[in-house]
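Both of the next two complexes hold chain A, though its partner changes from chain B to chain C.
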Partner chain A sequence: MSANRWLSTGNYFTSYKEEQRIFATHLDRSVLLCFLAVLFAWPLLFEVSNKQMFVIDNIMIAMIAVVGLNLVTGFAGLISIGHAAFVGIGAYTIASFARLLGDTHMVLTHGWPALIVLAGFMGALFGAIAGLPAFRLKHLYLAIATLSFQMIFQWTINFMDFFDQGQTISVGRVFWVTGRVGRSDHYLFWYYVILVIIVLVGFGVRNLLRTKYGRCLVAVRDNDRAADAMGMHPGLTKVYAFALAGFLAGVAGALHAYLYRGVGIESFTLHHSINYLAMAIVGGLGTLSGSFWGPLAIKVLDMQVERLSEWTGGHLAVATNLATALKPLSFGLIIVLFLMFEPRGIANWWRIVRSYVKLWPFRY
Partner chain B sequence: MTYLTVSDVTLTFGGLNALTDVNMDIEPGIITSIIGPNGAGKTSILNCISGFYHPSKGEIRYGRRSLTKASPHQVSNYGIARAFQNLELFSGLSVLDNLMLARHQNLNYSILHAVFYFGKAARLEAENRAYVEKVIDFMELEPYRKMMVGNLSYGVQKRVEVARALTLAPRLLLLDEPMAGMNIEEKEDIVRFILDLKKEWNITVVLVEHDLGVVMDISDQIYVLDFGMLIGKGTPDEVASNPKVIDAYIGEE
Partner chain C sequence: MKKYEMNRWLLILVAVFMITLPTGGFAKVYKLGLSLAITGPTSDAGNPYSKGVEDYFNYVNDTGVLGDDTIDCTIRDDQYKNDITKRNFEEFLDDGIVFYLNYSTGSTLALKKDFEEEKMPVIPASFHAGNLVDSNYIFLPIASYSAQAIGLAEYVVKNNKGDMPKVAMFIHPSAFGRGPLEDVQKAVGAGLQIEIVEVVEHGKDLDNTAMLKRLISKGVRYVISQTVQSPVATMLKDASSLGLIASTFGEEGKLTFLGCHYTGGNDLVALAGDAAENFYWTTSYVITNEPGPGTDAQLALAKRYGRDEKAANSHNYANGMMVAQVATEVIRRAKAKDKEITKETLYQELLGMNGDNAFQPETTVGPVTFSPTDKAGVDTLQLYVVKDGGFQSAGKPFIPEYTAKIK
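Up next, the complex of A and B:
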């Protein structure tokens, strides 16, 4: 009898290689491929306004950043309150090219894929530097150290003439094989770029997590004494975790710079760091799928609350103050509620739904 | 031939001597036990050997290497593995991943291989998985392979702890009270594993244990510590008849 590769029933493995696959069945893989195909096709089938596309692009950039944050905070257990600074490093890498060469220079407009990767490496470098305190510090103290990096970053940019004291530095429109990406296609173009990067990041991180480079992160989270005895250097592993997070943040930052066609300090403040952390918590710390759910949930919540406060403000002038307070209030509330009732985040709901669908119509 | 030598090791914590001039010669291929009352310094000596503490005075040599200043990850690379007394497992990972972590040093592929999971990464993961399975088979952990370690019972976690040390493929295995808190049946299992380790895997075992019955039964060599000082050594029979040892355990009249 040959093995059934399509369903989990009758699907048995004869080698460890087979068993170590990401997708246990062909069905799992096909479903994901179909989903990806839909993601690529839908903007072509439906009319999407630039404004909507802009929001979607923003969510997707946040996803890339949060995957990075989840690696360092969720998997390696090192709380980072300076993630927006790493995103900023990526964005300011692009900005420094714009300042040095002019914002419509060839390097910037034609060499953007290379620059995005370079921004990632810059993020990794600064991530590693900011992660150095992890050699000695743990838990809350380390969190304060990352906070100080956030502050240093903001102050440095605010006082550097080169970066225009944090005011917006513009970045030119990029070129694609079809020519310059114009105003009407801008957001659609970046949707595809970001989508491709997300797919690469998703698969890269999923692969990483099933090798020693992913396991060592969880090892230093759960027990760094034992990790030491297992033959890895816990300090270096933590610095590596920060570098990894910095890389993804840097890529997200570069995309942010190109999408907004400008870089200003107001997008990389402490507030944004907290926001990323909230996304990781709501999505589910220590899960890959949570890094995708979190940004989606938080941004959608943000938009709905904004709509609500606009509506109340329009109808009841007295309530305007209340309406403005609604946004931070709901933001705080959702974090508290998740920490209290679902500390494993939306990813856990996703897990439950999946196992239910897999077993249906049986209970277990 | 001596294998691991501990010579004149003194370990001081702010004026208090946890160990005073301890000398030990651990020979290959046998089971050496370290016993002593609570607070005698048994775990301290293991911590010194495995690199978690560095002795204030004296030297520890393993073959031609000095372990006096080595850090735990270096010691583990020299072929010395350690199972902890209080469970120090990676509770958020499955048994399989816990054991795969012990193969960390053998998985020498680059991060680029890992990201794309091709070539060397895939091959080495599968190869080392085969080794892990050998240990799982030996330690009889098959039913728990994919379970989260944090959810397992205490006795099984203890067994995973020993299995993880074993997965490092050590030549010298340091076991810190592997039988603490276990019932008779579980103890018998562990004893069987230890004896098989010596016989089939040719691993030198250093055992710290409170259960004197077990120690007297399986040890080839025993060292007795009390208040950080070595008060007796020799075969089980020699130690059992040593008046100092009897004193330390039963006390003077």
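Up next, the complex of A and C:
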């Protein structure tokens, strides 16, 4: 171990325990704490419009969902094309309560923390069910199984009267200790709720990956037969990876329901599943930081392309179809470019920057 | 003497300042917002609609319809996605809009609670009757899809020869399509003499042969569509190639096709070609195929702002133009009463738009009337039919009878 725990410039691990530390140096910990402090403080220092906060909240919800997807796809190596359905399970858990009790019932408006957790468990349950084919299927075959779950989910919601055939089901405004959270505070309130959940999820997943359960995921991904020979149960591990991903997706879905104050099938389609997958790829599969970079990059790109499409569609009447195609085109292009030139995603750029800073002013 | 001179110069300066002070210095800007699909699904309707809104507000500002005051209407593309509409609406609220123009059925239903909470008067491009359920602030510009479908069914009853007409409903797989179906079924329950033999929720089918053959085998003679143009065009082309399109209304052994507002218009003729011949279509808008003050006004506006022929002749251009006219009219009326222009005053003006205060835009076949119990603007409908490659009027404007009976 380095004599100086503030400015370690190399690896000085003398035990596995040291290697598994969450923070390699005190500096790392301090920087993260400062960063978190900034994240908590900045909305109080700067004026942010509701629209901007709404966009930020959306990105953060996607981060939670993508952390889940990264567990199953990045760490466990199982391609899931039905992640939006798991997010939808969480959202529709909240919507079910709204349908059964009324959208302003106390259970929804006061018991929202419990409902968010419940939505997570519902996501985990359906995740585990959808993951059952993993006992027998691998690779593309398993991906198709998750795709079929996505289709079944969409079909069920679209045709069930209970879910209003996919139309938006309203969710009332929640209460906090200061009273009802009105429109003026709505997005700021959910910013803090989502931020707290992200911090918990981030540390939770980081810790998970240090445990035998977390390392099981990676072992099964790298070679499930070898993992089996070493006493792990690949099938169960895969199912449990799906359940974990489902839990985080369910939480994200519940947050989505509360943030939008409504749930409609339009937000949980196959297109959204592909979107989550793209976020995980662009961010960096198998990395925790990638789960944060991916949603940020894709959502920001989306918004910029939307602006360009709007301008093109509005000013060039003949180019409406081109404008419509801009979004899927840019989206597809960015995935292909990342897969070709930076398969390790933005997380790798982040790693390079950190390494550079760590060694600075030396080259190596 | 020096002091007197100074005072005199001061007075002259003040006078000059008063005279040259631009009267526009006190002009007000009223902020409005419109979120719609300029690109993406249904942009074939949304694009001309946005141009109609934009051009009319430009006309208001350029010609001083509101005196020195102007309307600043921000138009945002939502690509037919509720999430983006919500974001756009939040942006408009941050901007302090006093009137909101929305587009799709899905987003109108999704944002209904927000409209209530914000007490924001809203006119959507969706005529879904369900928009008005548990809502105080949503106003449909024209008769609902339900009223349109019922009106078509009534026309079938009146013009059918023989036994009770057998009808199939061809609908969009969403609230937009399903809502009117429920109301037509209610009208049947209330005594409308048609038999709904089959309800087809279309997907993205590229071929409707099997469906059309099935309808014929069940004795269906009329198909009422409540969807958008492209699936109707596909169906018409298939029916045409099978020789199933009736050459006269209700021809035995053939199918007569009818449709609500978003199924028809010039775009349908462009998509379906000759197969669109004898397609019956209802809307509350006048169309540019027929001469009249509405057509003149629409074409003049489009020409003034350099729109191409397609946009200029689109009924969705008229649609956008009309909602902009209504928004302008309520602002004008509130101003005339020396009221401050707020969401509340505009809402009250909308509610008072009835009786002698009904508004008559030239682009509709009847007056716009709103009241606390009537939130559908133009109650009158006009039936059009495609003849020689263009829509033309079939009969006089009418108001469906069963719409009131099922309320």
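The definition used in the following text is that the second predicted complex is superposed on the first by the 346 of 364 C-alpha atoms of A that agree within 3 Å, B and C clash if a C-alpha of one lies under 4 Å from a C-alpha of the other, contacts with A are read in each partner's own complex, and residues count from 1 in each chain.
Just so we're on the same page, a residue touches a chain if its C-beta (ideal position, glycine included) is under 8 Å from a C-beta of that chain, and two chains touch if they have at least 3 such contacts.
Just so it is clear, the model here is predicted, and its values are computed rather than measured.
Of the two partner chains placed by superposition, only chain C is touched by A:E306; chain B is not.
After overlaying the two complexes on the shared chain, residue contacts for A:D222 are found with chain B alone; chain C is out of touch. Of the two partner chains placed by the overlay, only chain C lies in contact with A:Q165; chain B stays clear of it.
By the touch criterion stated above, A:G262 is placed in contact with chain C alone, chain B being left untouched. When the shared chain is aligned, chain B comes close enough to touch A:H233, but chain C does not. Looking at chain A, you'll find no residue that touches chain B in one structure and chain C in the other.
The touching residues of chain B, counted against chain A in their complex, run 50, 52, 71-73, 75-77, 81-82, 84, 88-93, 97, 100-105, 107, 109, 111, 114-117, 121-122, 125-126, 129-130, 133, 164, 168. Note for the complex: chain A touches chain B at residues 15-17, 19-20, 204, 207-208, 210-216, 218-219, 221-223, 225-233, 286.
Residue ranges of chain C in contact with chain A, taken from their complex: 38-40, 43-44, 47, 50-51, 75-77, 79, 81-84, 86-87, 90-91, 93-94, 106, 109-110, 112-114, 117-118, 173-175, 178, 308, 310-311. Those residues of chain A lying in contact with chain C across their complex are 49-51, 54-55, 58, 158, 165-168, 170, 183, 187, 260-262, 264, 266-267, 306, 309-310, 312-314, 317, 320, 323-324, 326-327.
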